[in-house]
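Take a look at the structures below.
Each of the next two complexes has chain A plus one more chain, namely chain B in the first and chain C in the second.
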Partner chain A sequence: MDKMLGKKRYIAIFVMPALLLFLCFVVAPLVVTGIYSLFEYDGIGTMKFLGLSNYIELFTKDRYFPKALTNSLVLAGASIFIQIPLSLLLAIILARGIKGEKAFRTIYFVPVVISSMVIGQLWMKIFNSQYGLLNIIIGFFTGEKFEYSWLSTPSTAFIATVIPAVWQYIGYHMLIFYAGIKSIPTDYYEAAKIDGASNGQVSLKITLPLLTPVIKTCLLFALTGSFRAFDLIYVMTGGGPNHASEVPGTLMYSSLFRRGLYGYGSAQAFFIVIECLVFSYVISRLFKKAEENASVI
Partner chain B sequence: MKKITKRLVSLLLAAVLVFSLAACGKNDKGTTTDSKDTDKVTEGKTEKNTDGDKAPEQITLNVWHQWSNDTNELKKLYDQAVAEYIEANPHVKIDTQTLDTEAYKTKISAEFAGTASGIDVFYYWGAGTARKLVNADKLLPLDDYITDDVKAKILPGSTSAFEYNGKTYSLPMFSWYMTLFANKDLFEQAGATIPTTYDELLEACTKLAALDGVTPLAAGAKDGWNAAFIYQALALREVGAKNINAMLSGEVPFEDTGYTEAANKVIELYNAGAFGKNPLETGNDDANSAFISGKAAMRIMGSWFANQVYTDATATINPENVVALKIPMISGKGSATDYAGGFVESFWVNKNTKYADEAAKFAIFINEKMGKAAYETGTGFCGWNVELDESKLNPLFVQIKGLLGESVEGVLAWDTSLDSNPATIHNEQVQTLFAPNADVNVFIEEHKAAINQ
Partner chain C sequence: MKKVKKRILFIILILIAIAQLFPLYWLITFSLKSNIEIFGENVLGLPKDWRWINYTTALSDGGVLRYFLNSVFYSGTTVAVTGIITAMAGYAIARMKWKLNNLVFGFFALGIMIPTQAALLPLFQVLDKLGLKGGYIGLLIPYISFAIPMSLMILVSFYKGIPKEMEEASYIDGCGVLRCFGTIILPIIKPALATASIFTFLGTWNELMFANTLVDSSDFRTLPVGIMSFSGQYSTDWGLIGAAMVIATLPTIIVYFFLSNQVQESLVMGAVKG
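Our next item is the complex of A and B:
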């Protein structure tokens, strides 16, 4: 076996299938999208080369793209500052071995398993103006019938989609954190206990530093997930009303499949890819030092 | 020896993996489609590629349409028509594939980005929708195949959505008619009169809005085309069919003050509570069921909706109390003979088909048959002057037929006449009128920018 692995030819042969898969289904479509984004193209007729003007139009002429970008940043902010801390907190509490640990773990994970279409429908019912749970609760406290349409009013539509988006993946990140915490050797905790450390101190001084690589992974998922958000928002508002809840993903869908602007839509798609890559790089750099420290322990 | 075996085995393994990958890549085009109905109409004949002079060559035509639901009566009638065709033309095998409307549109676009080699004849929408395909030279003009016999059977004025640059690319199937459906029971309860003019409509809406739990006019504005129907109805009366058609075909710009007036009227209706408090919250299906369950007094919809009033299992209203009306008139404007609707759906032939003659012959045949079938099931109005069985028509559909009889010039739904980009902008902009603080100036400016290019 050693002999076989030692030969470069064998390595090449065995890597080939995965490499081909990656090239065909990841790299090639990306390149094609990148090429389309430089053209004016309706998907059927002839292509007209435009250079970078699709990209320039995104930021100068497009009335909705900057707004969509801001929205996706708000979503990313909500994921990082609300979703991740909440999941971490839940994971730490669960991993401590509370009663019904398994049951809670499953319950928190349920929204992740359910399709976004279903989640969207569920929350649409909660936000409905006539029979929505939220309005009924507000009506109960104020004492009069409350009929506010959260999803069809421009000022609240986007926030109303952020809430389920953040809620849905809390369980997902919690499970990753939970697995990370469980993989930390118990020796450290025992040693800390002997030294008389409190629960809070243990979490801050042992769990968190050792969890750094996991936190980085979760942040990456949360951030890139927010930038390419689409399904939930498409189901709940479709980017409306009057483009108030648009994110780059919904605009891209509309350009490609409704308005028949393949070149322009590809530019939007390619921008999302670049955005995700840049932010992934930034996060990796930010965590480099912390990860080195974690590995020292 | 051992070494060689090892090498051979590893090479073989790699080869297996690579080839299995290649198999993944070659995704068969037909896998996403429903092939059930294919089996019904084919008799398992094998194709012969030899050019026999005596017997006609065995050929297979690949046909695509969007009546994918098994409960759809048109699908059954299509299958019957195909069986009839095969009997008369035994050398032709028809291979039919279906997909749901939205998936269907995407599929056709994707196929025609290439040569669409798996499609010979296909269902599509004329006017602005097929223009893209015509411009890219993807469709076969049927002029050479339309015989005098066929010409004599086609209703006059029914082919305009299928003609481009002086050529006819398809023939009509059936048409639709935009109707104001009204529930007389609710009008009586509210003490309102059935509207024939815009002022009466506004007054009726105000009275109906006072009823508890009743929406005067269910808009379904969450779906852009539903919202657009209401605006288009009012614009039809403000601007007139002739001017709108000229605008949609690019002959005159979008600038008539009537377009602004129509937008103001939508806002006026919205402010009078005509569409309920939050019309953007409900879509087409919700609005339809609100009407058939007595929660909405009016609905502006295509003639196809008449059938649902009678056949939908969830309907609770008495269909006898529903009346079909013309779009209300605006005093001093427009013509009562203008209507919204017309012929737009039809079967087309791919220019790259291997069997142009057979495909064209089948397309003409199926358009006639489906036009007849649509009429006899109360779905649409046949574009062919042929004998029609009226025994199964519902009374509401007969009423609409009467209204259509009084009409002269029709305007298609704007989103089927315009190119896809202005069509999308139109639908989106109309939706903005169904919310508080709508801005008519932005509405008009956006339309001008999209349409007057």
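Our next item is the complex of A and C:
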């Protein structure tokens, strides 16, 4: 068997299709983007080498990039401080075994399988100034007709795109936590129960520490997802009004495909990659210590 | 005391369930209404007059049928091709004897971290040069390439868990690698292939950025992009747009309805491997 499975010809036949596609259409384009980001280039003329000045310009001359970056951090903050704690709480409640546990799990997860285009269009209708669900509900409680255009007012446009983003993925994080909790051996709980621990104490002292790797996964997911955010905002506001709801992803898109700034847009795109890598590394380092502590228990 | 607490928790769970489902209920009901009902007469209730005509109009006049069939083709092909080539590559990585297998695997694993944005422009240029941009192949290539890493992760971790004895016997009987892979291995990895396929299907069906950038002609458009242009065109007819959105969502909801456990498992696995 080992002889059969060591034949170079078969290894090549089995690996090559996937490896070639991956190299040519995922890795190579990424490298090319990295190279473009160091040049001034409009796609037709010659390329002029700039070094890192595209990246410097992002923070010094660009009128919208700092705002876009702040927006993506606000989105990340909303995920970390609203979405994840809420999902964790739901997972803990459900994993304890409550009536209708499976039904709740299934329902919470429904929005996850829907495309962000549909979610975006739907929430645009919810935020519609005249006929939107939100204004109708507000009108119902105040007793008079309420009209406010959430998405075309600069101060509320971005927040209005954060809400569906948080809403859509609550079920996803909940499920990851739920699976994590269910994989904790029940002996731990039984031992704690015998020692007379309350439900709250069990969650705080046993479930949470043992969930550390899962919490890390969810944090990484929320952070990188926020940095690369594009679909929902592109559909709902397109970055407007007056660039109030831009994120790096939408800015990059308009630099590349509306303004033809291939070099500068590539720097914006590559910045997102670097940001994701740096934060992943930092989170992994931060959690290394916590995971070591957890494994002691 | 304990009973009261349990009841409060239960009510919280119900409220969140309502928050998760109510927007979708609203979507489904307004997709069956006329503007008169949506805009005032009957905002929240079930439709008084069930206008299925919204659906037939969207499908025929709005071109949604064409987009739907395109999306079925893109997703089906991506799932099939990705499944086969990652099953093969996974087998080579997990089972075959060569020195670079761990390195190659780690290389693929890094691919999960790459945001699609970062490859968009060079892909756009290279597909344009090859004359593939704007057609079926031009969108299938990036879809398959970007689906490879995750599918491979799921399959490799499954391969590592199956005992070698299963194949050993057939190799000793003189079975060739290709035949053994086709008749022994593929049937064993079916559950992992299903998990990987669900992940690939959802990602492809819902994808927006590639489809929006790499396809211009409405003949080759996918549902997400098609409906974006559709809703611009019929922006005042909410019932029609709602119907198109429900049509776009139906396949994923049906898959989820029948395979909810597998779908949940597949997406959780995707997150954990990522």
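By definition in this document, the second predicted complex is superposed on the first by the 268 of 297 C-alpha atoms of A that agree within 3 Å, B and C clash if a C-alpha of one lies under 4 Å from a C-alpha of the other, contacts with A are read in each partner's own complex, and residues count from 1 in each chain.
Assume a contact is a pair of C-beta atoms (placed from the backbone, for glycine too) under 8 Å apart; a residue touches a chain by one contact, two chains touch by 3 or more.
On a predicted model such as this, the values are computed, not experimentally measured, just so you know.
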item	value
Partner chain in contact with A:Y10 - chain B first, chain C second, else both or neither	both
Partner chain(s) touched by A:G240 [first = chain B, second = chain C, both, neither]	first
Which superposed partner A:L21 touches (first chain B, second chain C, both, neither)	both
Touching partner for A:F59 - first (chain B), second (chain C), both, neither	neither
Chain B versus chain C as contact partner of A:R258, first or second or both or neither	first
Between chain B and chain C, more extensive residue contact with chain A	C
First, second, both or neither for A:S129, with chain B first and chain C second	first
First, second, both or neither for A:S152, with chain B first and chain C second	first
Doubly contacted chain A residues - partners chain C and chain B	4, 10, 13-14, 17, 21, 24, 43, 257
Contacting residues of chain C [partner chain A, same complex]	6, 9-10, 12-13, 16-17, 19-21, 23-24, 26-27, 30, 38-40, 43-44, 85-86, 88-89, 91-93, 95-98, 104, 108, 111, 113-123, 125-126, 141-142, 144-146, 148-149, 152, 164, 167-168, 171-172, 176-178, 181, 202, 205-206, 208-209, 212-213, 223-225, 227-228, 231, 238, 241, 245, 248-249, 252-253, 255-256, 260, 263-264, 267-268, 271-272, 274
In the complex, chain B residues that touch chain A	6, 10-11, 14, 17-18, 21, 25, 106, 109-110, 112-113, 132-133, 135-136, 138, 222, 277-281, 419-421, 424-425, 428, 431-432, 435-436
Contacting residues of chain A [partner chain C, same complex]	1-2, 4-8, 10-11, 13-15, 17-19, 21-22, 24-30, 32-33, 36, 43, 90, 93-94, 98-100, 104-118, 121-123, 125-126, 130-131, 133, 136, 167, 170-172, 175-176, 179, 214, 217-218, 220-221, 224, 227-228, 230-231, 234-235, 249, 252-253, 256-257, 262, 265-266, 269-270, 272-273, 276-277, 280
Sites on chain A touched by chain B in the complex	4, 10, 13-14, 16-17, 20-21, 24, 42-46, 128-129, 147, 149, 151-154, 238, 240-243, 254, 257-261
